[in-house]
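Read through the structures below before going on.
Paired with subunit B in one complex and with subunit C in the other, subunit A is shared by the two complexes that follow.
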Partner chain A sequence: MASLFQRRRSKATQVERVRERRHEGFLRYAGFRWAKISGGLCLLIIVSYALIDVTPRHNGGSWYGYTLGTIGALLILWLTALGYRKRKMTSDHWSLKAWTSAHVYLGLSLIVVGTWHTGFQLGWNVHTLAWALMMLVILSGLYGVIVYATLPQALSNNREQMTQMQMLEAIRAFDRQLHTAAQPLTPEDTAPVLAALDEDPFAGGIVARLSGRYPNCATSAALRALTLSRSSDAGAREKVVGLLKQKEAALARLRQHLKIRGLLEIWLYVHVPLTFALIAALSAHIISVFFYW
Partner chain B sequence: MSEPVKVAIIGSGPAGLSAASRAGQLGLSHILLEKTDHLSDTIFKYQKGKRVLATPERLDLRSDCRFAEGAREYILGNWDEDAANNKVNIAYHADVTEVTGAKGAFAIKTAKGDVYTAENIVLAIGTQGNPNRMRCEGADLPHIIYQVDDPEDFKDKHITVVGSGDAGIENALGVAEEALENTVTILNRSKDFARAKAKNVSDMMEAGENGLMSIRTETQPKKVEPGWLMLETPDGDVKIECDVIVARLGSVAPRGFVESMGIEFTGPDREAFPKLSPTFESTVPGIFVIGALAGYPLIKHCMNQGYDVVEFINGNSGLTPADEKDLAAIFASLPQKKSVSEWLEYLRTRVSIFADVSPLQMREFMLDSKVAFYRKGDVVFEKGEPGSSLFAIADGFAEVEVGPDFTVPIEQGSIFGEVGLISGRKRGATIRAGADGIFVEVSRTAALKLMASVPGAKRAINRISLERQLLQIFKGGLTVEDLGPVVDTAEVERVPAGKVVLTEGEQGDDVYVIRSGSMVVEKDIGGKPIFLRYLPAGSFFGEMGVLSGQPRNATVKAAVGSEVIKLTGESFRKMLAARPQVRAATEAAVAERAQMNSFIESRKATYSSAVDLYSDTASFIMKEGLGEATDALLIDENLCVGCDNCEKACADSHEGLSRLDREAGKTFAHLHVPTSCRHCEHPHCMADCPPNVIHRGPDGEVFMETGCIGCGNCMRNCPYGVIRMEAAPPEKPSLLRWLLTGFGPGPGEPSPKWTKKKLGDEKPKKIAVKCDMCKGISGGPACVRACPTGAAIRVSPEEFLSIARLDEDTD
Partner chain C sequence: MSFILRRISTTKTGKQIIRDAALPGDMITLGRDAGNTIHVADLAVNPHHATISSADGRTVRVAAQEGLGFDLNGRTETVANIDSGAGGELRFGGHRLTIAREDEKIILLVERIDELSQSSKDVDEAKAFSLQGVMLGKRMGAWVFGVLMLLAFLIGPIWAWYSYKNVNERPDGYHADSAWLSGPLSSAHASLKNDCQSCHVEPFVAVTDKACVNCHTGEHKAMSMAHANAPTAMLLAARHPPGAGERILKGFADTFNKPQGRCVDCHTEHEGAGPMPATPQKFCADCHDGMSARLKTAGHPTALADAADFGTSHPEFRPLVRPGPGGKLVRTTLAKGIVDYNGLKFPHDVHLQATGGVARMAASFRGRYDFGKKLECENCHRVEADGVRVKPVEMERDCAMCHSLAFETVGGVTRTLRHGEPDQVVADLTAYYRSAPPARPLQLGGMQRRRPGAYAEGQVYNIYFNEVAVRPSRAQDAVRAVFSKGGACYDCHTIFAPQAGNGWRVAAVDQTPRYLQKGWFDHDAHKETACADCHTAAPASKASTDLLVPGLRQCRDCHVGEGGARVVKVETATESPCAMCHEYHSDGGKPWMPPRQRKKNTVAITNKRLDASQGVSMITGTGGRGLYEVTWRTPSLHAARQGG
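Presenting the complex of A and B:
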């Protein structure tokens, strides 16, 4: 194109290094680089497991088992380090996306590394506890990958360019308008409206938050009560009903927002504590193995 | 009529007070006229406790009044003492309305009817002007105020804001904060809010919808009573409760008053200043202009000028200005030894654009400039470097590398680097010194000021820049002589955002060069305008029509407010006929574009929805103002999980404050433009920075160096709301400590509560905070590095909208 000023420079500068032309998600990062690497690793283990003859049979205590165990333990420690990497804003060049990509695929490869390390000898002991915890961590992580891949779109669609603060502010605005509009109502009509005004949009607990169902919602209750009521002046009641409907819609949006955000975050409350439990069990497993050498 | 005095000083700000103090010290008969009942009204009206900074640091203070960085109260207290110690005669409530007479016997009339006679007048009235007053019945009641110093002064009050320009809306929004529990009403005389910025209007409407204020249009105050206000509305008169009236009815700029005395300005533009001699004398002998009105907004400058001007009036012609030392330092590195005034004269006579510049202006430009000696062959700047300064050749000559082994000389007296100055883009060619010589580098701000105040300089710079721009575009064998006829018939046109320059299907053969801003090219395909390409400044369009004689084959419209240079088809054709190489180059460009057009058309036929999405996305991006961006943050909401790690990383990479708001901003087809700096080509924030600390860095980033005085101009000027006024929070405990113990704030911006607790009573100064693209951080922008899913990327619009994107989408 006829342009006076060439934006591209021959030498990549610091900004250019992180500048991309288009979005590329963590799963597709660098043409599925980490998927290929971890897939290759799994394949190598499965094939070598079949080819190498360990006597009397494959188990965690053979040289082959130790190798896999060491790889697995180191991987677990490295995968745990993501939590630190994510929060430590050092100034050198690194990409959290690349880390996440590697975390996901290498984490999945642990299924093979860990399981093949056991030589399929599972029982009721601390060793199998470590393996089970590892599988649970991986499972919760798998859930995380699935929601990360599917929910952001819904989050974006639901919020329609509104921020969480704006959603809250909108509800507060309806409350203020309701407060004024409800003045002419009779006491029996006012009571449910007041209850709706007192409602905390965050109330309801974890189940309501994650399911998005609020059966005791005071706004819906007020809406039902006022639609059926015949006691106040019809015009005033209609206005309040209209406002309650708007507030209900605003609440629904906020609740849907909180639900999706909750679903995107809840697994971390399983994934992370289980990881620490895993590291504890893993330590016990390693120490006991060396103790009974 | 009072005793005649030697000098009357109008305005008691830093400049006027310093002048009066000098007169007091010298024992000159004088009078200081102040329209209010206190000194220095502008600073008096600052918020309580606001820190006033003493920039520029390198400039020495020369005044009989003290001045050092400190809180507003401290500075005003000092000045009250200094005024008394220096035996300054002050007349308060002396609002000057008319000045008549001539040097030796001026008569100064005030609003109260007093007349002062003076031999000389020093005008130090600043640029704020007088606020327009309310005119209805009861307009003199004391609960009418014309300024809101601190919204927190008002709690649980009925407040009516009259006037709905930006000032009125901002005040109304300030006092309507929910926590203050005020009942706020804003009145507007007409139906719409044409005078205010769109952002302010939408914020106000939102506040209105949320019940935070009531907005009354087509309403005027009719009668003011204590506690009540009668309004004239379309539905008849209405009486509302009202404890405070904030009247923001605009102000009368002081220019009219100044001109009424016969003082000439450098030009009709808003940026023009009164014409002044080296001793600050205006075109009316005996009237001297100093301070902000003379174009010096910084307090130290003002105070020094106050001192100097009285010395001049007192006959001290040997006084060297306070900046002499700084100027001497600027010239110190040059091989020849000359005095400062000799150097200034040398430059003024040898550089064409300085010819009309007054010695006083010369001093100022040089303070913002550099002078350097270059050996033959030294590189002045490289192609592709960012830079917006202007170079002038005082001695020797420069060589432009137009192509490999092909250079064009620029002669002594001329300038170079003007493209960066005008378009804000990177340097277009490498420049070397052609012989040992002296080049002056004028900073962008100084150069713009020069163009605004010296019309001759503006014309010269514009013509040269046009020639150069054309030479660059049609490189190879073209000379300045060839361009003569083209440049003579060329016109510069301003195009507002969205305006169509060329319409598809119309006949026409004019060629356009984009001087600043950017354009989008669209073509009607299947009844729908399809985005073809984005043209940044420095591109040209319309050349297909000249070569083929066919009607325009696409529509070109401005993406942002732009300037285009229109060249007539006839002169362009003549030039092409004279230079076959140029014709060949132009034809090649035409062929390339035609190929791209037909590519998109072919895709449209087979992948209609992909092309539509590409086109709609482009339109959205342009609508969001990214047409003037050089580097913007874009979030793919198909990937964004809302973890806000980008904001946290931003805060942790800087002084604990995030420069971006991820969630805010518009979204289209899951493409989200968050509130974050786009590093505009012509940064709006740079336009009015008193200490001049906003610059463009080597990676094209627009950043702020230290020295911000916290005035908030940049924040108000930014149309995208990306600048915050905020004080840096205290140091957080280390990340490991937080991870292990859970104490203290974690990653990201600490909560205001924590900051407040940590700081106690200390109130640090709020300064402007904006994205610097992580300048100086080797890893690059933290927001992108810290995104776990790849949702956040930084892009330049032309790369993001490149044809490759469509290609990938449809493959």
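Presenting the complex of A and C:
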């Protein structure tokens, strides 16, 4: 396989430049090289599984099962190593993009390697647990691939050329203006404004983050209260209401941003911890096989 | 009395600039309203929040105006008197008012201490905008999940093993290592599912034969009479050369200390609940395919022929035959010209002819016995009660219908010669001739005078007295006649003439009850097939020394290999794994086969081979009257005894 990657350096650089220009992502890296490799691997496994006659029947304990199990376990460890690789800067042409592309496609091929390793014998035991965890990790990764392919567009549309800090800065600016504009208001009217100022734009739990719904939003409450209020000077109040509306819009943009980012990130909170759970269960699976050899 | 308002501002370089301004008046007002002496632009402060005054220029009195108080040392107050010399800190909304005394003057320092709004607070961008703030850390989750997995599925099971290490039988209940159960145990071992240690005795040691024979005490010896005596080295050498896959498996086995040739190599477990599956052909063919050459190379020469598949690769049968009269039984490969001396003379062809004396005689007995227009195999050959084998032929039961040994009728009772006892036959015949003198002619009675010439040859005197005179020698003749050509015994038996000290002797009859000792043939399973379909040589056999056991060729008319392999054209194929005829355990019993499989094959033949069963049903009738049912022929010998 090594010959696949042995290219001359200058050529590699040139190819890399072409890729940069085309915005070639990890999915279509090198003309779907890793998709082809892992697709071929899956096909090989499925066909050979049907052709090879092991006695008494296919399971993890046949020679075929051992082979697939070994491939699968090594693959899992290598896939996990992406977490290490991505923290390590290299000048090698084994780029992070290449690595990620291989990670995605070989990770998907693990569905076939792992499932065919079981010989479709599943039960309530540590062996099937390891398989189930593997499938959860793969499915969460698949979700990750899908959101990485679709959500950045939405994120970009929502930002409208603003950076995250600029979004926050806009809210801060409205807060300052609100603070000033609300000075003439009566204490009854300043209380909701004060609550709106006291609201943390990053508040809310994971549910609020991912759904983007904040039913107890103080800014909206202040807007409602001041629209109905008759106590202070109408001119000053109108100015505050206008500012509150603007703050609400800025807040909505920030929250949409947080929501999309949350959706982009949430799978890693399943993917990474379950990977380590998988490695633990896999160790138990392998040790159990040898323990009760 | 003067109050000084101090303001501190911080330059961009961090330098503090302090500005003091004297406040007019004795009463200072503090509030959000611009008209206050101290104007605090803080929404949390009332327009007219508090007044600050001092009566003696030392104690400062702070009083809240509009209900909303202020914080002093953590408590909310509406009025407070503060010694400016000691100093004090008050809190109005987001601002702090510090009271101090310098040069007989009261210094009031007002600073914003809270952020203007929550959003104005400094944030860590990387953390605030990601899920880090709202989710448990990934690293934490990884540790928690990983440790839980190891505790529940590694430490727990090992602990379960450890705690019952030296215990014979585990108590019922949950044991953590049941999470390691890779699949349901077979129904015979189902009770062991909570007791992993009953087989997996030592950790990291593959299940040993010792663990099996701890329970399987009796069966182990009987397990394989054919294989148990072979040394393990020979058994291992017999196996076929490993393919790529098996080499991988062997690699795993060698690397991880899993010796081969153990019971569990073949008797695999954890393959799902249910009974043991039928033994596949591969189980045998793995060794027996090309085995003789391998064993020869390995230094264990064998007389066994190779066998791989019944349809294509199976040695010719080697039935047990007696090659000479009175000789020893030997296993000989079935071929043309093989003879088997059983001591009888019996031409099958004469008896099975559709025309001729035998057929006519059989037809004449149709009312009395279950004969048809001619004799059939079933008329003389009877099967054992279990239907598997054919009983040896018995003279009284199977021949005497026609071959009567009757010689006299006394008052309606038929006297027969004793079969199997030649001396008794001689005695009976001698006695018959002695005890029954010739009937005295009437002419010889009375007192009337007789004319001469009555003694002449051919006259009554001559006949009578001649008879009386030769009577004992007539008995000798009768005995000789019975034992000689044309006599009742000679027809079927080999006779030895009297020698010195011996009378007439009959050669011993030895009928082989089972010709094929290594294979199992069940006549009952073939009852829909006509006898002559397999015993093809029988209708033309002229001598009883002809061996009529069917060969491989006849079996292959229907039976093909497990996978359907065949060398001849087969109409209705019956897939036949080795275990259909051969029993691994070689205890002489019936090979085991799952009931479903047995039934399926019989039905297949019944349904499809109509032509075969037709010949039989013509004789036995259709339906309930099966070929081998005991009712198919009157078994009684009464008729024969009555001189029939």
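Basically, the second predicted complex is superposed on the first by the 269 of 293 C-alpha atoms of A that agree within 3 Å, B and C clash if a C-alpha of one lies under 4 Å from a C-alpha of the other, contacts with A are read in each partner's own complex, and residues count from 1 in each chain.
By our rule, a contact is a pair of C-beta atoms (placed from the backbone, for glycine too) under 8 Å apart; a residue touches a chain by one contact, two chains touch by 3 or more.
Values in this document were obtained by computation on a predicted structure and should not be read as measured data.
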{"item": "Which superposed partner A:176 touches (first subunit B, second subunit C, both, neither)", "value": "both"}
{"item": "Touching partner for A:96 - first (subunit B), second (subunit C), both, neither", "value": "first"}
{"item": "Touched partner set for A:261, first subunit B, second subunit C, both or neither", "value": "both"}
{"item": "First (subunit B), second (subunit C), both or neither touched by A:290", "value": "second"}
{"item": "Partner touching more residues of subunit A, whether subunit B or subunit C", "value": "C"}
{"item": "Touching partner for A:231 - first (subunit B), second (subunit C), both, neither", "value": "neither"}
{"item": "First (subunit B), second (subunit C), both or neither touched by A:125", "value": "second"}
{"item": "Partner chain in contact with A:164 - subunit B first, subunit C second, else both or neither", "value": "both"}
{"item": "Partner chain(s) touched by A:84 [first = subunit B, second = subunit C, both, neither]", "value": "first"}
{"item": "Which superposed partner A:216 touches (first subunit B, second subunit C, both, neither)", "value": "neither"}
{"item": "Common interface residues of subunit A - those touching subunit B in one complex and subunit C in the other", "value": "164-165, 172, 176, 180, 261"}
{"item": "Contact footprint of subunit B on subunit A as seen in their complex", "value": "1-7, 9, 13-15, 17-26, 29, 83-84, 86-97, 99-100, 148, 151-153, 155-156, 159-161, 163-165, 169-170, 172-173, 176-177, 180, 261, 264"}
{"item": "Subunit A residues within the subunit C interface of the complex", "value": "52, 54-57, 59-64, 66-67, 121, 123-127, 129, 164-165, 168, 171-172, 175-176, 178-180, 182-183, 185, 187, 190, 193-194, 197-202, 204-206, 209, 257-258, 261-262, 265-266, 268-269, 272-277, 279-281, 283-285, 287-293"}
{"item": "Residues of subunit C defined as touching subunit A within the complex", "value": "32, 41, 43-44, 46-47, 66, 68, 116-120, 123, 125, 128-131, 133-136, 138, 141-150, 153-154, 157-158, 161, 177-184, 196, 200, 203-207, 245-246, 248-249, 252, 256-258, 268, 271-272, 277, 280, 282-283"}
{"item": "Touch list for subunit B against partner subunit A, complex", "value": "209-211, 384, 419, 423, 425-426, 428, 469, 472-473, 533, 535-540, 589, 592-593, 631, 634, 636-642, 645, 648-649, 652-653, 661, 663-667, 670, 672, 698-701, 735, 739, 746-747, 773-774, 777-782, 784-791, 793-796, 798-800, 802, 804-805, 808"}
